[in-house]
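Read the structure below first, then the notes.
In this document, chain identifiers A, B and C correspond to the written order of the chains, with residue numbering beginning at 1 in each.
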């Protein structure tokens, strides 16, 4: 008999299905709601404020600046490059909102394994943890968030939701992307003596330009 | 907890308490038994020490010998089930009876029910005094500094944490000093400490360092097994910390610490 | 267990004598405990959340075949290929087979405890496939030729000074580094090319999401995404117990998992992977394989279902007084600490691993910190009972316990025996202490024992004394 057959026979013997699919799904929803009753509190009721507080907290360690609209992004990137002594060259995530901007100050470069700076556009954010959300796709290749040493991400303030549960509700019934990435701060590791060090394999710095 | 303090209100008939001394107290430190007896009486209980008591069976249970554990559990149930309460000056023996007896008889509904009934009225001494009897010692003084080790079974299986501290706070002159890792196991673990004595030693060595670091004159706790382990290590390490069961202090019977023989 | 390094007790003794190990364990587990405590303190309802998390895992296990089938259906629809493995051998064979078909010379690997459990590193070596561990700690122990000693920090037994030496010896630059930051940068540089040169990337999974067919990885370094995205083939190896109903459940569990592991609110990178590269994608693997492994899970569902809730956070290790003294290697299995002591008898058999459930003080700290409320002390006690029933315990211990129980169940005999024994014991005492106990030398090797009372408590009560 196949491994699949054996595994399922054992599981069905031990856990025969006693409920309808609808009843099981209803139980699952109830359990998620039970968890929603005991969540960690948000420090600020304003989602943007909470997002910024979390993502700039020491243990996450990203930086944030506010911008009025998308057109301010290229100058923010240029300023960031100057501040950090980087060449004004960046790999641009092929997001249409981002490509539509005037990048004359920044030289666009392909994403490679030694890219110093990449600019991305997040799909959304989670206020609870200060996480950026990306769905992979033609306009959002996964690796833009992982290959550069400096990752600068534009995030629309209005795209921030309070919690994971709000994200899940928003995605209910939508097709599942190939990759869903929640990015919370720059790459880090505590593998040597539990001490936090940045830039393990992914970006050493994460800078967020909050739009709106 | 089960009952409210009835200290101030109209006097009710004193509850009948069966004192389960525990085998270690019986053999090694009767003073804890007498302290428990006095405290329970002071807290308005009608206390009896059933003569047929021996051991709760925990060593067998923790060694996986369920048959032996059942034999002793049955005996404890028979001796104590007619009392209003079973009280033991030990978190681990009280937890054995309260928590593990029902598990031990999981396949025997009649015995399980008896075990559950006894379990529901079984208490560790200090939490019984504080929670059930609303007791506070009066007129006890002890000019010393002390640190408290929360013994694991009492702490995690019975929720004994605030009660001993509340009782000790009523002792005049006693200064309590918190200890680093006060909720961390001392490495006793019953048969563990002789079976894996080297690991146990490493654990109790760290514990002894933490005790000494408080600079306290006294180490207090609620389980003789753990206290023996720590006292034995402190002694071997040449530390001068004196070790008592908290009940001995509360009863004003803290004359000779563990290892200090009566002259 | 007896391994090349002897018995559990031999390994524990060796570990206890290792000063560097003590330093490394104190630093890593100490940092972990402090950070977890702070994270839990900031979540007032943490205890209720633990119960809710346990219920979420239990729900998935209650409908195990339903959800696993749903997962399979959705994963297949996303273009993933599913492989089923009853045991470690089948799981490794499935991985090697995929690697061979992909003509892989190099496979990058993102830390997966299941991979360790099934012996994947050795299987890859035997198949002649170069394995590149990309998690920093796994990289360290790969250089040292070791196995993980912790499920979250596989190199928990190594100090920064050790790592510095290893990197100086093995990294291309041969630099002597003293700062952790510099060591991390050195590893980044060293591993960079392999991320983009490997034909196959192998990851584990923290969750298998039934409603979408996605698998979830959580890392802090970003190595999982760099392992799974550039190579042509991504292989996931996962125990079937990783199943959860929904993305929401997975994220809710992650909240507790991460806080319990590192004290962070969320890992830096929490990624759901669903199928291979799609039309228009500029990156991503062309093939996406999921190897679903039983290896004792169905047996656990019958004998120890609570343990299937385990989310592998490592909190029980960091808070275990025994683990903190002997480290992970002494346990001899893929998983150390309390959860390892519960799991290893399933994987390796009870008789050779029966020391593990016994080498525990049953103090309950592991249960207290477990984010899914696994009653680890109960599970370990159950193993002891099973070992006793199956006759694995020594005849001396069995006779001793039986004799004790017999005497203790006859109160008059018991009293008489004590009346005889205590004076004999008292004679060994000097100044209130006994320096060498008979029968149990383990105690007095490192501790003194107080001289017992002249008369037992009950004897004194009997004779009306009040001391």
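The rule is short, and it goes like this: a contact is a pair of C-beta atoms (placed from the backbone, for glycine too) under 8 Å apart; a residue touches a chain by one contact, two chains touch by 3 or more.
In this text, all values refer to a predicted model and were calculated from it rather than measured experimentally.
> Report the chain whose mean Cα position is at the greatest distance from that of subunit B.
When every chain centre is compared against subunit B, the largest gap points to A.
> Is the number of contacting C-beta pairs greater for A-C or for B-C?
The comparison resolves to A-C.
> Please list the single chain whose C-alpha centre lies closest to the global protein C-alpha centre.
Minimum centroid-to-centroid distance belongs to C.
> Measure off the straight-line distance from the CA centroid of subunit A to the CA centroid of subunit B, and report it in whole Å.
52
> Measure off the straight-line distance from the CA centroid of subunit A to the CA centroid of subunit C, and report it in whole Å.
29
> Using mean CA coordinates as chain centres, what's the subunit B-subunit C distance in Å?
Result: the chain centres lie 33 Å from each other.
> Which residue numbers or ranges of subunit C touch two or more of the other chains?
none
> What does subunit C use to touch subunit A in their complex?
24, 27-32, 35, 42-46, 48-49, 52-53, 55-56, 59, 61-66, 68-69, 74, 78, 84-86, 90, 134-137, 140, 153-155, 158-160, 163, 180-181, 183-185, 187-188, 191-193, 195-196, 212-214, 220-223, 225-226, 229-230, 240, 245-249, 251-252, 254-255, 262-278, 280-284, 292, 294, 298, 301-302
> Can you tell me which positions in subunit C touch subunit B when the two form their complex?
9, 12-13, 16, 321-322, 325-326, 358-365, 367-368, 378, 381, 383-389, 393, 397-398, 401-402, 404-406, 408-409, 411, 414, 418, 422, 429, 431-433, 440, 442-453, 455-458, 460-462, 466-467
> Mind pulling up the subunit B residues that touch subunit C in the complex?
The touching residues are 21, 23, 25-34, 49, 51-55, 57, 59-69, 71-72, 75, 103, 152-153, 155-157, 183-185, 187-190, 192-205, 228-229, 231-233, 235-236, 258-261.
> Where on subunit A does subunit C make contact in their complex?
2-4, 6-8, 10-12, 14-15, 17, 19, 21, 24-25, 27-28, 31-32, 34-35, 37-41, 54, 59-60, 94, 113-114, 128-131, 136-138, 141-143, 145-147, 164-165, 167-169, 171, 176-195, 197-203
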